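Note that subunit A is present in both complexes that follow, paired respectively with subunit B and with subunit C.
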Partner chain A sequence: MKIMAPLLIVFIGGMLMAFQYYIDIPLLNNIYKGVLDWHMVIAVFALVIAVKSLIERQWKNFRQKTEHPVYPLTTLISFFTVVFLGIFFGLKQGSPVNFIYNNLLVPLQATIFSLLAFYISSAAYRAFRAKNFSSTVLLIAAMIVVMGRIPLGDLIATWTTISISGKDFAILDFPGWTRWILTVPNVGIKRAFIFGITLGIVSTSLKVILGIERGWLK
Partner chain B sequence: MKLHRRLVYVLLLVFILVPMLFGLTFKVKPTKPVMTFFDSVAELSPGDYIAVTLSFDPSTKAELVPMLKALTEHVFAKGLSVIFLNPGSINVSDLGFSVISDIASKYGTIENSDWYYLGYVPGEKAVYQKLGEDLYSVYPASMHGVKLNSTKLYKDVRNMEDVKILIDLADGNSTVDLLTYLSTKYDVPMAAGVTAVMASEYYPYLESGQLKGLLGGLRGAAEYETLLNVSGRARRGMAAQTLAHILIMLLVLMGNIEYFMAKRKNG
Partner chain C sequence: MKIGKAASILFLLLISFELKGASSGAGLEGMLYFFAFLILFILFRSPKIPSLKTREIAGIKALEEAIGRSTEMGKPILFISGTKPVPSVSAVAGMNVLGRIAKLAARYGTPIVSPHNNSITMMAATEEIKEGLRSSNNEELLQDCSIFYLTDSLFPYAAGINALTSKVRPGAIFYMGTFYAESLILTEHGQNTGAIQIAGTDSVAQIPFFITTCDYLLMGEELFAASAYIQNDEASLRSIFMLDLAKAATIAYILIKIFVVNL
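Presenting the complex of A and B:
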């Protein structure tokens, strides 16, 4: 019973949701709406678990006197400060939480992400080498796309445009080459990936629904 | 001669700062995905409803806020009614609201009458599906607590099937999720604005017609500004991005010259 009950719930739930998508029956539609409501309620509980897990983990790290105890302490102090300010002063524009958001969180997140540009430029210089055929193809494609996505690429295409029997033809058409790379090889390969991944998801889901795959029970 | 990592950083900083300090701008030629995006909004009539989901974190604001600004300018200038919401990201609520309310005051549009900011609710994929069923079971009130059943929106829109187009500005997987769970199932036309690094992911959906248009990174925002005939942050930022790209290409070239010279020397 301990194994059969969850298997039965998954089978009935999975089948109902699959049929519901294709067959328009009011009863199934109502069940579907109910399941969506449950999903949202569970998502709220997941937030509670996430908060509990964060506090426990950071407190443990701090107590164990790791190499940098200041990091878990900073996380805990920041967390409780924002929760305290949020509960007692609200979240409206001009509130302390809003001030922290605009003057700490936004610039910090934007700064950390912007630092990527520096790492990319350094990595491009040190690691992006035409070592073999595959890396050479990658390098050429990357250079064309980089050139095709900046206004200089448009300018070069304009400068090198010649007219052949009344038709304009750009010798160095970086934007055109970029468009071709993005819409032909890129789309073909991405579609293959998407189909492959989707078929994998369908087969795994069917295995779970039919009770063939039972790893999740352990 | 090997360039030291710190020198590369300083060079990049100079290549980014100089065009910004001197206000350099380049002409940006709009591409087809941006033009179709623009046309999808431009062909709507005043009073039509559109929905804009903000699914990004402040970390990608450099690319996505210029898009949001250009799009908001366009929809407010056209007199469209807009539902802004961010079920895909909790972190963008205040940033999105302050950008939109600044532009709203410029056009004299009124919150909870001409536009609505619904904010965040947890549940992501379940929320996307519920939006196709009943908007008010997910969002009974706006982000600032105004009950939606007392607004014009409640009379005009029951669910996302009643909006003319759904636009997702994203730095994650939300566009695919919205396409899967909302756009395809409930037949809601959709367009997207995403970070440059993600843009190539969405070309299959663009080619299949599931996306009506696509803005890719700062370049996409700059193209949109060009079509709107405004000179915003994206067009100014393109000069810095252009020089940074040129520097990276030069660095790659130098790195490869060094590599082949060393290979030749070592036999």
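Presenting the complex of A and C:
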């Protein structure tokens, strides 16, 4: 019973949710809305666990006098300051929390995001080496796409355009080749991946619904 | 077989109801597809079908090598769950891989460090690690493991993990689940620390980044297949075969439809 009860709940719940996706029955639609509300309630409780874990971890780091005790201390002070300001001054436009969000959090997040450009450069440098046939194909394709995406690629296409029986034809048509690479082989391979992933998701979901996959029971 | 017949009758009854959004894929075709999958799944659970052999997944085989190397270096291992929390299928598959990692880590006595961006995922990971350590009779290792919540936000999460990677200098890093723009920030930094990196993701847009920076990658459906492969029971292994069968059937369906439409 200890195992059967949760398995039965998951089976009935899973099947109901699957049916409501395909079939228009008001009762099932209402159950679905109720489940979404419950999901939000559980998420709020989960937040309490998250806060507990965060405070415990940072306090432990601070007390253990690690190499940089200032980091956990900064986290704790920031956390309690924002909570205090949020409770007493609200979250409206112009409130202190709103100010902190717009002037501190957003620029900091943008800073981390901007690092991506440098990481892409270093990863590309490592990846684009003609070590074997496959990597040479990758390198050539990448160079064509790079040329097709920069203004120089457009200029080269214009310079090398010739007219054959009244029709313009670019000898080095980097933008055109780029379009072909991105819309034909690239999209084809992407779709193959999406196809496999979707089937994998359906298969794993069914394993959970039918009780074959029981990892969550631990 | 009785369950299969019951499911077939149920399916026939259901198609008599009004269907939602026929043009959005949620209509008759979508439903037929889902229930065909369901019926096939139930039928393939039959013990009459002989055992199936699956090819080895390189990424899963390399888990032991990565953990062994970490142990030799006296460094912990880092497990990073994806951005989507546990109810998502990719996170569930990632947790199964974590269970396997925990078993191997317990055998070698290597501690696991695992930051999370969702508390439910964190709790699931804690249970998965506990179960793994228990099954390898090394529950004491849990005291050396560090499983904790970092933040919900994407880029602060990436920054926190990078700081942790620099501090802990893990011997092996595992990325399992759905990732977004933070994937390259994490893996490129991990690569710079010299750790063995194994990733598994269903994020199509991030696959090139993982290929470039990781030593092994469970690409797309391989993550779900790996989850079944790790469990190593008949029903799970049959589900991999079922997946391939469904894929072949869908390809045939697409080809027939192309032929019919263009006729």
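FYI, the second predicted complex is superposed on the first by the 206 of 218 C-alpha atoms of A that agree within 3 Å, B and C clash if a C-alpha of one lies under 4 Å from a C-alpha of the other, contacts with A are read in each partner's own complex, and residues count from 1 in each chain.
Note that in this section a contact is a pair of C-beta atoms (placed from the backbone, for glycine too) under 8 Å apart; a residue touches a chain by one contact, two chains touch by 3 or more.
Since this is a predicted model, take the numbers as computed values, not measurements.
Colleague: Is A:Ala18 touching the first partner subunit B, the second partner subunit C, both, or neither of them?
Modeller: second
Colleague: With both complexes superposed on chain A, which partner does A:Glu213 reach: first (subunit B), second (subunit C), both or neither?
Modeller: The answer is second: A:Glu213 touches subunit C but not subunit B.
Colleague: Thinking of the overlay built on chain A, is A:Ser205 touched by subunit B (first), by subunit C (second), by both, or by neither?
Modeller: The second partner, subunit C, only.
Colleague: Considering only the touch criterion stated at the top, classify A:Val187 as touching first (subunit B), second (subunit C), both, or neither.
Modeller: first
Colleague: Regarding the shared-chain residue A:Ser122, is it in contact with subunit B (first), subunit C (second), both, or neither?
Modeller: In the superposed model, A:Ser122 contacts both subunit B and subunit C.
Colleague: Should A:Ile197 be classified as contacting the first partner (subunit B), the second (subunit C), both, or neither?
Modeller: second
Colleague: Kindly classify A:Ala50 by the partners it touches after superposition: subunit B alone (first), subunit C alone (second), both, or neither?
Modeller: After superposition on chain A, A:Ala50 lies in contact with subunit C alone.
Colleague: Per the contact definition in the header, classify A:Phe113: touching subunit B only (first), subunit C only (second), both, or neither.
Modeller: both
Colleague: If you lay the two complexes on top of each other, which residues of subunit A touch subunit B in one and subunit C in the other?
Modeller: 21, 46-47, 109, 112-113, 120, 122, 124, 126-127, 190, 194
Colleague: For subunit A, which residues count as touching subunit C in their complex?
Modeller: On the subunit A side, the touching residues are 18-19, 21-25, 42, 46-47, 49-50, 53-54, 56-57, 67, 71, 108-109, 112-113, 115-116, 119-120, 122-124, 126-127, 190, 193-197, 199-208, 210, 212-213, 215-216, 218.
Colleague: List the residues on subunit A that touch subunit B in their complex, please.
Modeller: Per the stated touch rule, the residues are 21, 33, 36-37, 39-40, 43-44, 46-47, 92-93, 98, 101-102, 105-106, 109-110, 112-114, 117-118, 120-122, 124-131, 139, 143, 146-147, 149-152, 154-155, 175, 179, 182-183, 186-187, 190-191, 194.
Colleague: Provide the residue numbers of subunit C that touch subunit A in the complex, in ascending order.
Modeller: 14, 17-20, 26-27, 30-31, 34, 37-38, 41-42, 45, 89-90, 92-93, 95-96, 99, 118-120, 122-124, 127-128, 131, 148-156, 158-159, 163, 167, 181, 184-185, 188-189, 202, 204, 207, 209, 211-213, 219-221, 223-225, 227-228, 231, 235-236, 239, 242-243, 246-247, 250
Colleague: Sort out for me which residues of subunit B touch subunit A in the complex.
Modeller: Its residues touching subunit A are 3, 5, 8-9, 11-13, 16, 26-29, 31-32, 57-62, 91, 94-95, 97-98, 121-127, 129-130, 133-134, 137-138, 144, 185, 196, 199-201, 203-204, 207, 216-217, 219, 238, 241-242, 244-249, 251-252, 254-256, 259.
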